[in-house]
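Every chain is named by a letter (A, B and C) in the order it is written, and numbering of its residues begins at 1.
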Amino acid sequence: MIADLWSKARQSLLFLSMVIIGLVFAFPLVWIAMSSFKTRVQNFALPPLVIFQPTLENYTGLFQLQNPAFMADYRNSFVIAVGSTVISLVMGCLTAYGFSRHEIKMGGCLFGWILSLRFFPVVAMVIPIYVLFRGLKLLDNHAALIAVYCIFNISFTIWFLKGFFDEIPKSLEEAARLDGYSPFQVFYRVCLPLVRPGIITAAIFCLIQSINEFLLAMSLTARVAETAPVALAKLQTAVGPDWGKMCAVSSLLIVPILIFTILVRNQLIRGMSFGKLK
Amino acid sequence: MASIRLEDICLEYRGKEVCSDVSLSVGEGELCALVGPSGCGKSVLLRIITGLIKPTSGSVYIDDQLANKVPPGNRDIAMVFQSFALYPYMTVRENWAFPLRASKLPKEEIEVRIKTVSEFLDMDPLLDRHPKQLSGGQKQRAALGRALVRRPRLFLLDEPLGSQDAKKRMELATELKKLQMDLGITTVLVTSDQIEAQALGDKVAVMDMGSLRQVGSPEEVYEKPASLFVAGFIGSPPINLLDCALERKDGQLYLTHPHFHLSLPAELAAKIEAQAQADSVVLGIRPEHIRVTADELPDSIAAQVYVLEPQSNEILVDLKVGDTVVRTRADREDLGFQPRLDQEVFMILDKEFMHVFDKATELRIH
Amino acid sequence: MATIDLEHLTLYYGRVLAVDDVSLCIADRELCVLLGPTGCGKTSTMRMIAGLETPSTGKVYLDGEVINHLYPGDRDVAMVFQDYALYPHMTVKQHFAFPLQAHKVTKAELEQRVGEVADFLQLSDLLDRYPSELSVGQQQRVAMGRALIRRPKAFLMDEPLGQLDGRTRAEMRASLKRLQQELGTTTIYVTHDQVEAQSLGDKIVVMKTGLIQQVGTPEEIYNDPANLFVAGFIGTPSMNFLECPLHVDGKVGLKNHRFEVALGPSLTQKVKDTPAERPLILGIRPEHIRLSPQDESGDLPAEVYVVESHGNEYVVNLNLGGDVIKVRRDRKKLGFRPEVGQTVWVRFLQDKIHLFDKETGARLV
């Protein structure tokens, strides 16, 4: 009896701690969202306002921005992020599979080098790339920015997905080959479904990295391909940052990622619940 | 050297009865093999003896003294685990010294004991190796050595041969038995392999779903199984179990089955009639007690050869009788002829070795 | 018709020779077992037949045609893997459909064949389950079904029963044997378990370190082992080996400093060309030794060391002047219960004695 009560108490305590931790993590996001509905004055209130009259003036103000229009920036962010992510996933899967399944001469070094690109300080890259793109007339160009983002996205996906491919026992592929499938079909029908959780996780990471990227976006774009983080930076007015509009931009950037994650979470869990591959 | 006595041990866990009313005694110097399918509660019972698990009710007596309240470390028991549980970052010598340092023995005494056990187990050249440099058999000796240096009163072994392949297992089993006999330490061995249990145990205790089904010598458990479960569990190839009905006709008792009609000799009939509570029985007959002949003989049953499996000097012939498959086993030379697949043959059941079980209670009638 | 012929196959893994000049003929409808300890080259040989490894030299023939150049998928052989190799993301039904989909079978036929195989293996109720939801025995049947559904020319099985517990294994063995005989498909079966090999094989190929040691029926391998390795590998408990040089002293016998065994007339005849004092090893199987509690002429004394009960038999371990030998005998036929420490009298059945040359390991008699 006592043992039962004690275990129930322990479980409730655990649950409570998880809820508290969850709230702590969610708090900044919630605060940002709330702040986007407050007026300038309300944002400066001390103590901070929790209950207030919400207003849409920040959002309407955003859409009035011109040169470039905010919606254009917003759209650019996503086009570039999605474009870079898709390319990185395709290239990443194929390359990671290659690294996983084949003995490549100096493969270890090659792999290490690819990984190092991920950690390369962007600050050191910016000026050389700017000069290069200017010469190639690739400034302020969507495709060019997508390509640059692929530098760190592809290196991430290759490194991340190789581990997943390593987990697949060779005998699964051999069985499929014996059944009559070509190597590519084996890759596509047997291996890819099994690394699904990896692909989805990598996708989420790449999207977030690309959307957040500021330095390269600011340096390499002007009007046509400008992205949202740059727009965010431009919200610094003479009298200080426009907190309300900044929070509005942030909220608008978070929302699609949130929706994507919620949509794919079933796929993620389904992939993980296939059970041990052994 | 100590004797063990378990009286009415019960263990309940999360509403389930893991052990129910288990009473068992193991004499001094005896090796008791506790055997049963996985999940039957045998490992749990072992841990109750060590004191790592406390029973919900019942008493554990070690050397006739109540041990329920004695903590595991003070019971003077050594346990050998299936995975050997050797400390991978210590040499064999250090592995052996470790438990002795816990009992605060003087350094010289530890040295002496290690030396004695090492000579006994023939481990002298291996003392300074690490576990991963040892073969399976050597690891087993190292694990045993660690238990032996403690000079315990009792040895408890939890599936000690589980991780070996079949051939190695047989060799190690014999060595283990010899060791136990030479040392004379009371031992309880847990295994799910009934072949191992029969080979090693002076006494075999068969367990299923938390209760003891039968306790006896290996010969007893094999030749006189107390219930359907024990009959089916002990013995490989497994016993043939056929549902029959008892029929009385013209003063004779018959066992009837859709495909045969066997008359029972008088004394056997009397015994069965006295004990049978209903007319539904299960006939048990071991493969070696069925004779296969090419010609029809009195009391023989028609059958068809279904599978032939040669095995060393014997041949296992599976026969199909209607829809049932009956396994038989015979020395090639005793068989007398070479059976062919799908051949029509006859089988004779040796009435001296028939087992009859009551179908409802599953207990042995004869 | 599906005969398989291997001609001088060798395989190197880097510098290590895994398969050394293996040549073998497997007849149509035969179940051929490749038997040997781990690392003997049996799995590598089978993988070369499947096309998953390329032989360093040598040819593989299926039905008289060379198939070295064919991709695994084009060889019309189906393999059952040791770890079953089930796809975690596919249901049982999809597993059965998968091999057929590679060969463009019509939907109607696919449904029909899937249904057939599922019924046969008693998996009809489990068609929508995933491998993680199946027991080990069920997983094994799915692996078999995936091979069966293709109706290939040959089956290649790599220790398919290895993961099952003793009971289930014995049942599956009998079912497997019956299945293979009913289907009549040529099968190559790899195992390290000699009990399985004897039960299943029409022909057994015993291998060690890449070389074939002996090819024969189970009876041949058991009764006439070609060398020490085969003799010791087949049979449980293993054959007893005793070192004794040949000794001629009026009568021909084997004598070492511990005991002496006289050879009967037929054996004497067979060793007449062997020089005296030649180091030999006497091999005698535990089931071919007779024990008695009394001294009968010509018997050797031995001390009982351990008595093991195995079903209806006793395996008695004896100390014969320093050597340990095992004797296996039905309890009733033995007639008495040996006690530890008791002296019993041992007699080897003359016509079951094997003599091996100590240096080469080859069998002389």
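The rule we apply is simple: contacts are C-beta pairs under 8 Å (C-beta built on N, C-alpha and C of every residue); 3 or more make two chains touch, one makes a residue touch a chain.
Because the structure is a prediction, the values reported are computed rather than measured.
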Margin query: Quick check of your reading of the touch definition: is the inter-chain graph here a line, ring, star, complete or other?
Written below: line
Check: What are the two chains with the most C-beta pairs touching?
Finding: B-C
Next item on the list: Could you pull out the chain whose C-alpha mean position is farthest off from that of subunit B?
Entry: A
Notebook entry, point to check: What is the distance, in whole Å, between the centres of subunit A and subunit B, each centre taken as the mean of its C-alpha atoms?
Noted result: 59
Notebook entry, point to check: Distance from the CA centroid of subunit A to that of subunit C, rounded to the nearest Å?
Noted result: 56
Next item on the list: Just give me the whole-number Å value for how far the CA centre of subunit B lies from that of subunit C.
Entry: 26
Note to self: Going by the contact rule set out above, which residues of subunit B touch subunit C in the complex?
What the structure shows: 165-167, 170, 173-174, 177-178, 181, 192-193, 195, 198-200, 217-219, 222, 235-238, 286, 288, 306-313, 316, 318, 325, 341
Next item on the list: Mind listing the subunit A positions that touch subunit C in their complex?
Entry: 169, 171-172, 174-182, 185, 190, 193-194, 196, 271, 273-278
Checklist line | In the complex with subunit A, residue positions of subunit C that touch it | finding: 50-52, 71-75, 77-79, 81-83, 85-89, 98-99, 102-103, 130-132, 146, 150
Notebook entry, point to check: Any idea which subunit C residues touch subunit B in the complex?
Noted result: 165-167, 170, 173-174, 177-178, 181, 192-193, 195, 198-200, 218-219, 222, 234-238, 285, 287-288, 305-306, 308-312, 315, 317, 330-331, 340
